[in-house]
Amino acid sequence: MPGRTLLFIPGPTNVPDEFLRAMDRAMEDHRGSHFPAFVHGILHDLKSVFGTTAGRAFVFAASGSAMWDAALVNTLDVGDRVLAVRKGQFSTLFADAAVRLGYRVDTIDVEWGEATPPDAVEAALRADTAHGIKAVLMVHNETATGVTSDVAAIRRAIDAAGHPSLLFVDGVSSIASLRFELDAWGVDAAITGSQKGFMLPPGLGLLCLSPKALARVPHATSPRAFFDLRALSASNDTGYFPYTPPLPLLHGLRASLDRILADGMPAIIARHHRHAEAVRAAVAAWGLPLVAARPEIVSDTVTAVRVPEGISSATVMDIAARRYNVALGSGLARLSGKVFRIGHLGAIDDWMIVGGLGAVEMALTDAGVALTLGSGVAAAADILRRTAPPLPSPIA
Amino acid sequence: MPGRTLLFIPGPTNVPDEFLRAMDRAMEDHRGSHFPAFVHGILHDLKSVFGTTAGRAFVFAASGSAMWDAALVNTLDVGDRVLAVRKGQFSTLFADAAVRLGYRVDTIDVEWGEATPPDAVEAALRADTAHGIKAVLMVHNETATGVTSDVAAIRRAIDAAGHPSLLFVDGVSSIASLRFELDAWGVDAAITGSQKGFMLPPGLGLLCLSPKALARVPHATSPRAFFDLRALSASNDTGYFPYTPPLPLLHGLRASLDRILADGMPAIIARHHRHAEAVRAAVAAWGLPLVAARPEIVSDTVTAVRVPEGISSATVMDIAARRYNVALGSGLARLSGKVFRIGHLGAIDDWMIVGGLGAVEMALTDAGVALTLGSGVAAAADILRRTAPPLPSPIA
Amino acid sequence: MPGRTLLFIPGPTNVPDEFLRAMDRAMEDHRGSHFPAFVHGILHDLKSVFGTTAGRAFVFAASGSAMWDAALVNTLDVGDRVLAVRKGQFSTLFADAAVRLGYRVDTIDVEWGEATPPDAVEAALRADTAHGIKAVLMVHNETATGVTSDVAAIRRAIDAAGHPSLLFVDGVSSIASLRFELDAWGVDAAITGSQKGFMLPPGLGLLCLSPKALARVPHATSPRAFFDLRALSASNDTGYFPYTPPLPLLHGLRASLDRILADGMPAIIARHHRHAEAVRAAVAAWGLPLVAARPEIVSDTVTAVRVPEGISSATVMDIAARRYNVALGSGLARLSGKVFRIGHLGAIDDWMIVGGLGAVEMALTDAGVALTLGSGVAAAADILRRTAPPLPSPIA
Amino acid sequence: MPGRTLLFIPGPTNVPDEFLRAMDRAMEDHRGSHFPAFVHGILHDLKSVFGTTAGRAFVFAASGSAMWDAALVNTLDVGDRVLAVRKGQFSTLFADAAVRLGYRVDTIDVEWGEATPPDAVEAALRADTAHGIKAVLMVHNETATGVTSDVAAIRRAIDAAGHPSLLFVDGVSSIASLRFELDAWGVDAAITGSQKGFMLPPGLGLLCLSPKALARVPHATSPRAFFDLRALSASNDTGYFPYTPPLPLLHGLRASLDRILADGMPAIIARHHRHAEAVRAAVAAWGLPLVAARPEIVSDTVTAVRVPEGISSATVMDIAARRYNVALGSGLARLSGKVFRIGHLGAIDDWMIVGGLGAVEMALTDAGVALTLGSGVAAAADILRRTAPPLPSPIA
């Protein structure tokens, strides 16, 4: 292909060139005297993206999903019980990680396409009169279904049940893109990675703990070494890491935080909403249903689209990738072959949204889906231009 | 802007990442023993892009337009007479360069939007019975108007007039994108730069001379030092340059030639035609006229579009750039304010064409041009998907 | 500083520009159809650097030390007993990780500066008649002391004791630099990271298991999720990862493996020995003692040097870093202030060795160490030029 | 070679990584509204490096030597007479360029190794009572011989002769490294390129004219097109270029100017002197003579060294390059085989100077030159450490 692949997937997202440049550098002495100011600055600024002043942020050389481990093993005792809500592939894997780490996992299962149900969580916790459940595990934005849940409502449900449970939230595909408020929402562990809203390559796990969760760290009996926050926080206190940290990604994170702070989360949230509205308008124009069960819970970072009976979403994706150089996300697990997903988060402009949707239209048509070419793009363009921010002078 | 600017201008064009990487390197000793093989390889492979086996290619640290100087001063005597056809801004500047270099310049002027007229050239040369005209100067693809002329027809016109004139062709916006055949078309000097079809940053002037033109070099009396091909060719013969050459761009040129040779010019030419057809279909759907006077002469690398009376093309461009992150070319000189230009050459994929056209549609609408949003994109998408190359298995 | 820092530390090492370029790239779809061939190629070629055909290699988004966790939790049962030899900071931390992961750890402690003692290992295993010890943990090249142990001798000791124990070897600062033979030496788990002999940034943990260790993976009862090789190997079998892998580093690893395979491990091993000899000659010329207790066990990747009484090694390091732009390794834990370490592994040339040693000489002098300026460099240069490979023609 | 080549040549010099990163970027619209502020900033800041407030600076996509053309054709009339001093290869080529551009060139020839002689210049101008000589051409720092001339003395000589001649100075290997004062020294045209003191890749010609020279531009009758400052200055006035400028190098120049302004020319000049002193001390310790005839005229950017009879400098250079990865400059023209040159300008640190000198020592020894290994390095290290700037706290 002569040009450049559009990553219309929910991660890794398109990395801005300036972040690539920030990472493209010779190694440095990670024990040098210049390093602590650099580390402290990152860890400080990271907190604001998690929406916390009271909590503490950590950076690991790891995947985002490794932060499931980090959150659990640093706060729970061996054999502890947790409550996990399963509503898609990633919430299922989060629950599964807890099982594999040796915890007893109660599950609430909802239809894939539904959000985390506050009432069911409340009921489960009310039933746990012995307060055996130590943590509720939820995914904020289920990347497999394109559904965003109401985290604050889950905290309210826990509190309404009079239950002391911690609240652990996977925000891999939401944090730094959607609104996230660790302090205000009563989240105890927030989990993400570098390769989505932070617009960086994968390779960093990012974790933020509330004071309540931090207070558990010295006492939790779960075995841990690499993930042990006792060692990491002691080292971070001095501005260093207990191991050689992934230097290029730390510099990328510095660049990412600089941009996020400069843009401000409100503008970033608004941008994601605007792009999501455009994508959803295109999907509606094509006459294709979303996986998300209800409009109130659609995600502003990823849109999961069902293809008509008799058409394989794998065919659509293959055509989009190989013929039009646009990468789409696949349907996962039980949605395999029936769904494709559009990731519209991170470093993406209006023209890229329009170009990506145009390629999807062409690929759908090529794959035999009956639709009017241009219909989706027109619907998206209409939203984009009506909601485009006013231009500062010289041209209003 | 969160994402990436689309360069929908006729140069500099989008540079493939792999070319950027080839250029992002430490300096080297340009007098080292490894250097001659590198230089000879570039100069050899460059010839094939010019369509020559008999001629010789040269690379300068210079702009593409500097090759006007290089062609003229190495082949002409002080005070020589040339014939220049002016049909747009760049052909006008080419003629002007000849004047400023001290040559006597006869001009044929045609409407901006027309091609180089073989009959007028033939007539002018027939009238020059004393054979005072030493060279005909033409622009192959007039970037200001989006018009491609028939170079072979001009050579036939010269020959039909029984005139010994050399033929100098500016191929800045055609070579490496459109068909170009120095040998077959009887071109004596072909002129281009790095920043268009070669998909590189600006900074290299590329020149190719026929044996007939080369034979003039030792005898031409025009003063020259930097541009003197006697020094350059002697140095190139040994694999070096008479000055420190622009090393990153030479490595970029190596990468570019590797890709051009791997793709093959026929495939590259076909790709440019396909994208141009899509762009022109969009413009037709918008109901906007081209600058090009006739369909037979439209350019496959740049499309110049007239905006309606009462609308300034500068407004359209400003909106496209600042609101949608798409850069368009302006109308030049007498076309200023009346025309915008779309560059659709180089490293560009179908989804980028669609996204760029979508942005232009939005910008036109914002600027007050009445059109149906989605109409241009639909027309372009229809052409693109019908002409997309068949996919190799696994999906046909 | 106007120039470039010399990383004369034992990691991260200097990254070759071509590896930086291989990593400086846009993200890609890690679920794309092109990905399996890429992953399988890396995992295959990695085995040869570990010296195995029978084993299996794994790549994690993690630090090198995280592979301590990965090796232990995938092969041991909860509460299993291991035998760890402590002889420096890193072997101490390896043992500590086993403790923190919940295993019972028997330790053999030797002087810092000594190697792993085969006789003591054999004795400990002979005493374990119940075969309660499941694994012996050792560090091949103790980075804190600059001492290389004989891995094969430890395997022979285990076998001589008639003991079925597994042998786990931390090769963080040896693998890809020094000779390492997983198959031939009877190693069951070999552990390293990307930032030393592989000449890459930190961020990849690399693990290789013998068939015997692999056979434990399905049965080991230790809790694990991120580190679970069942999930990773199933995913790797299909050419993918269970999470979004660190794409830039994978491309860097591809470039690194390409170079390692092209150079060949014998040449790489010889190069490290030659540079180490030069460094040791300089240290001897300065009259400073090594931490390594005996010449037979000196490391060819890192040299730990004692400073005279009354001089702080921190002062020497600070001067070298801030005045001469050369980063040295510090003395760790009980060696703090008394020792500095020179890392001479990875992408380093003779002139860099000489320049680094020259800077150390200057810094030592500045810090008050009495030595003859030039003495160390002269001794090193003498070795380097006498052992330099013969030049191919044109100059012999 | 595993590591990195040391460019110990007088250009191209080692490019700092941050400059490479500044140049490693996607193309942009060079007609965009953001561009004028960028261009004006560069052209303004460039003046301070030339030492002028009254003059005007220009940037060309060209080699440094192309600025010979630019200076001459924009200020002289056809057939004008100039006086050129020849004292090495580059001053000879400067004079030759003037000849090839059609001017009448009077020459003063001095021994290679001598400086531009003020008395001879004064005498020649006194003899030109008709004031036919329009410009004196000199090279400030003759790169072939490692000799720096006194520019102010030449201006005084011109003035002492009561002659109105312009003074044109090639500062290719001096400007941005050595003291240069266009205004204070009465220079009318200063000529340089990007690849030496500016620490950038080659590809930019940099020119600065005095008001007196600028006043000639509209009237000079020499033919010129690409080099025509009338077009360039008109375009620059609006913040643009008459052609597509070499965008990566402009961004590199921005980074270079930022660093030069931050460091300050006095510190840069002092650094070059300190490194030059170290190199000369090493050469003296080896017992090898300089090409420079007298200590007062030695260059602080390049040192030209004679090898003993019976030894070819080409052999020394070949060994240094292929065995030790250090590139040296060759002896040029009449100095071929007899001389090698060390470039010690640009982005180079003390440890690189020491490492480079160590490699030269080894190469000289390998080539059969009798010297004491370590002697040169010791002499250089002694100077470097005694002249190293004091460290700010924590270590004094």
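Letters A, B, C and D mark the chains in the order given here, with residues in each chain numbered from 1 onward.
The definition used in the following text is that a residue touches a chain if its C-beta (ideal position, glycine included) is under 8 Å from a C-beta of that chain, and two chains touch if they have at least 3 such contacts.
Quick caveat: nothing in here was measured; it's all calculated off a predicted structure.
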Longest centre-to-centre distance from chain D, chain (CA-based): A
Geometric centre distance via CA averages, chain D-chain A, whole Å: 54
Computed distance of Cα centres, chain B from chain A, in Å: 45
Computed distance of Cα centres, chain D from chain B, in Å: 35
Sites on chain B at which at least two other chains make contact: 4, 14, 17, 21, 24-26, 318, 322
Chain contact topology (line, ring, star, complete or other): complete
Chain C contact footprint on chain D (complex, rising order): 1-4, 6, 14, 16-17, 24, 263, 271, 315, 318-319, 322-326, 346-356, 358-359, 361-362, 365-366, 372-375, 377-379, 381-382, 384-385, 388-389, 391, 394-395
Footprint of chain D on chain B - complex, ascending: 4-5, 7, 9, 11-15, 20-21, 23-33, 61-66, 68-69, 96-98, 100-102, 193, 195, 201-203, 222-228, 242-249, 318, 321-322, 327, 329-330
Interface residues, chain D side, partner chain A - complex: 17, 21, 24-26, 33, 394
